[in-house]
Amino acid sequence: MRIGVCPGSFDPITNGHLDIIQRSAYIYDKVIIGVAKNPTKKTLFSLDERMVMVNDSVGKLDEVETKSFTGLLVDFATDQQASVIIKGLRAVSDFEHEFQMAHLNKKLSSKIETVFLMASHDCMFLRSSAVKEIAMYGGSVNGLVSELVEKMLRDKLSGKSQLA
Amino acid sequence: MRIGVCPGSFDPITNGHLDIIQRSAYIYDKVIIGVAKNPTKKTLFSLDERMVMVNDSVGKLDEVETKSFTGLLVDFATDQQASVIIKGLRAVSDFEHEFQMAHLNKKLSSKIETVFLMASHDCMFLRSSAVKEIAMYGGSVNGLVSELVEKMLRDKLSGKSQLA
Amino acid sequence: MRIGVCPGSFDPITNGHLDIIQRSAYIYDKVIIGVAKNPTKKTLFSLDERMVMVNDSVGKLDEVETKSFTGLLVDFATDQQASVIIKGLRAVSDFEHEFQMAHLNKKLSSKIETVFLMASHDCMFLRSSAVKEIAMYGGSVNGLVSELVEKMLRDKLSGKSQLA
Amino acid sequence: MRIGVCPGSFDPITNGHLDIIQRSAYIYDKVIIGVAKNPTKKTLFSLDERMVMVNDSVGKLDEVETKSFTGLLVDFATDQQASVIIKGLRAVSDFEHEFQMAHLNKKLSSKIETVFLMASHDCMFLRSSAVKEIAMYGGSVNGLVSELVEKMLRDKLSGKSQLA
Amino acid sequence: MRIGVCPGSFDPITNGHLDIIQRSAYIYDKVIIGVAKNPTKKTLFSLDERMVMVNDSVGKLDEVETKSFTGLLVDFATDQQASVIIKGLRAVSDFEHEFQMAHLNKKLSSKIETVFLMASHDCMFLRSSAVKEIAMYGGSVNGLVSELVEKMLRDKLSGKSQLA
Amino acid sequence: MRIGVCPGSFDPITNGHLDIIQRSAYIYDKVIIGVAKNPTKKTLFSLDERMVMVNDSVGKLDEVETKSFTGLLVDFATDQQASVIIKGLRAVSDFEHEFQMAHLNKKLSSKIETVFLMASHDCMFLRSSAVKEIAMYGGSVNGLVSELVEKMLRDKLSGKSQLA
């Protein structure tokens, strides 16, 4: 069985993430979404909130599981018996960063390959950071994220939800 | 069974191609190398010569098969019951071209995904065109291509072999 | 009156060109499409055929005119009393080439500005060269070009039309 | 009347900004400089100080107005009855970021186009952040910014002016 | 005598830095490593610790000296009677940033040239920030940095050494 | 003595080439310009004509010599007892190509280093191919090339000089 890991901070999950996850599920037998517990950057949403949003978005997909992880990605992938890490590529700047990470991860564990999928054209410009900025200034993020994420962004930014 | 297609003109096959093919064989159940019969650019070697060199390089790999193809890549992949096209990425310029091709191929057949592997760092600067240029000016291509390819390049460029 | 020039070889015109032309017509008072008589690269279609296809595609647009030109683009723009040259940008490689041309054109005529529009996301991977390659191998170019262009490509490639 | 908006944080305005503003004023009937009240990054100068420096630099230009704004850029542009947002492009990294913003802004308001001008070659390497860094280490920023900005940078960094 | 300056924050020095320093020493008569006292980014190691690690790595190289500096790089280079600043290039993003710095430094002092060496292929993906991240999550940095740096990273991250 | 080689096809030499050569002469003891006898691309000017134009442009520079070469660049550099190959970098696309060549040349001869200088900002968009295209369409290349090159371009393109 071919298992792939889709890692990220998902702060929050966007339709761009979802597109990569769906296509991964099409080409691998099982996909495990790895939600990074302590990403290098400060997150808007807590780990629990991010897990809730991811689960809500991928709930209908068979053979997709969501787990959180801490520590090195290659260690998480090994624990999950995955043979590949799957990443989406949007732009040249993504490409360079991912290139570096793929080579370092290969050095850390020669048994894990990183494979890349190109972002679909309508998701090419979709970043979690942009989604948050739009929401912060009162713009509509409809069509960029799921309904639940839209609601949670609104609540978080209006102070209804406790800051992570 | 997960089948992947590795397409190219392989004029000639380099150690960079071989690296991608080996890693593809590790993450897919079967890999079919698709040697393009009529690539857009004029080739130094004939299709037969290119097939001989590819077969010589991948002969020892289980579950790797070599076939030639003409026409659209997605049609070849569909005929081979492949679910993915596998491409190697070396540099930003590769990335942009491959991005374009991946999107057009997706448009031509929504059932075929393109996945990318980053070139290993010692193959990042290896292009068939550079190998041919070095050989043409009498430089050594040892370590860049297989022994057979090295010999066939020498013969071709010294006129011992009929030009394709 | 603000006049803009949209130059190109349009070999053939694609929906990507059309998108840029429509958006140019929205932000300028008049748009003149400049079809290059002798582009540096050999064309598949003759100048007449390219003009026919462009006219067919933009016929319904008010304030858009199609003209052919030879010589320097800045001279053509000056003759047309245009203050701007409008170009579409798709990818990083476009960007670098266009950057160079914009600076050289500025040097040749300081009165003509070059402005850029980003390609719409569904046109980002659309190049005339890819359209021709797909058509050549029997793939469908539906949705990438107009119906007339689709027909003319089919005729040209099946030999029904005389090669330019 | 064609109105264009030139947005930025202008912390501080450089000769590179001024070049883009002057060229914008040449191709549009009216240009409104939008100074972002709360840019995502912390600024060295307060909004008032940034407005003073912008006004000092563009004071002699007819048909150029300076306003501050908060919230979404497309909302500001709509309020100003502008049909275009004008941005300068310097490098590939600018290009990718601007590409993303242009597409998101198009999604937020289909009535506002973003047009790009290439930075003049002597302004290609001019960033507000570099200007501040040079000034901080006692280097001369003469020729990179206006005399007033030069003076205000010196005062700010020597503590004569209250930190924003 | 041709003197070159290799500047950086070296937080910590990696085998990638060492490769550039060794190659610089091969093509210049004398190389001075300039360790930035107050780099713009917060460092993990103190200046003293960074100096210790650099000295340990380059101790065996003749004609290489290590000095710390503050203020503008061109002023430091001038003080050292250097005619060139030597920088390593890894990726496109490096390239753009270095391009900008080279032009600004040329403007600040026309007597100092910046020359670039391409990173060796096995150091292309080696950044101090990645080394720190790997160490932080318990991964092995063996082969990426010297033994002393490896030990100091372990000590620093386990709290044995006082945070800088 | 530090000898550097500046290679190229110089078809024709531009002010951008001259800028790199002058700056090379400033940082090396001797600079040898290597004019490629048989570049991969077809040239407009013959080797003799290209040599004449290079010599005319660099005649006033001490310690600069012009030679033609055929075969591998590293062999030429070795014959000239040079320790470095000097290349100018203008744009990202240059960078990637030069990166590849630097690595292959290092593999072909570990004793020759390649160093890069960033093009001066007023030469960043200057390519021999653009100069030829402008001249071909009757545009002025004044300020882009020397007076002799300007004259020779005019003669060549008006048919006064025999095509190479």
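Residue numbering begins at 1 within each chain, and the chains themselves are lettered A, B, C, D, E and F in the order written.
Note that in this section a contact is a pair of C-beta atoms (placed from the backbone, for glycine too) under 8 Å apart; a residue touches a chain by one contact, two chains touch by 3 or more.
Keep in mind that what you see is a predicted model, and the values were worked out from it rather than measured.
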Exercise. What's the fewest number of moves from chain B to chain E, given that each move must go to a chain touching the current one?
Worked result: 1
For this session: State which chains count as neighbours of chain A and simultaneously of chain E.
Result: B, D
For this session: Please state whether the interface between chain B and chain F is built from the same residues or different ones, using more than half shared residue numbers as the mark of same.
Result: different
Seminar exercise, completed: Note, CA centroid farthest from chain B's centroid sits on chain D
Exercise. Out of D-E and A-C, which chain pair has the most contact pairs?
Worked result: D-E
For this session: Would you kindly say which chain has the C-alpha centre located farthest from the C-alpha centre of chain C?
Result: E
Problem set entry | Euclidean distance of C-alpha centroids - chain B vs chain D, Å | 48
For this session: Determine the centre-to-centre distance between chain E and chain F, using the mean Cα coordinates as centres, and give it in whole Å.
Result: 32
Exercise. Just how far, in Å, is the C-alpha centre of chain F from the one of chain D?
Worked result: 38
For this session: Would you pick out the residues of chain A that each touch at least 2 other chains?
Result: 92-93, 96, 99, 103, 121, 124-125
Exercise. Between which chains does touch occur?
Worked result: A-B, A-C, A-D, A-E, B-C, B-E, B-F, C-D, C-F, D-E, D-F, E-F
For this session: Using the touch rule from the top, collect the residues of chain B that touch chain F in their complex.
Result: 91-93, 124-125, 127, 130, 133-134, 137-140, 143-144
Exercise. For chain F, which residues are in contact with chain B within the complex?
Worked result: 40, 70-72, 74-75, 92-93, 96, 99-101, 103-104, 107-108
Exercise. How about chain C: which of its residues touch chain A in the complex?
Worked result: 92, 121-122, 124-125
Exercise. What residues of chain B sit close enough to touch chain A in their complex?
Worked result: 2, 23, 26-27, 83-84, 89, 92, 95-96, 98-99, 102-103, 106, 113-118, 120-121
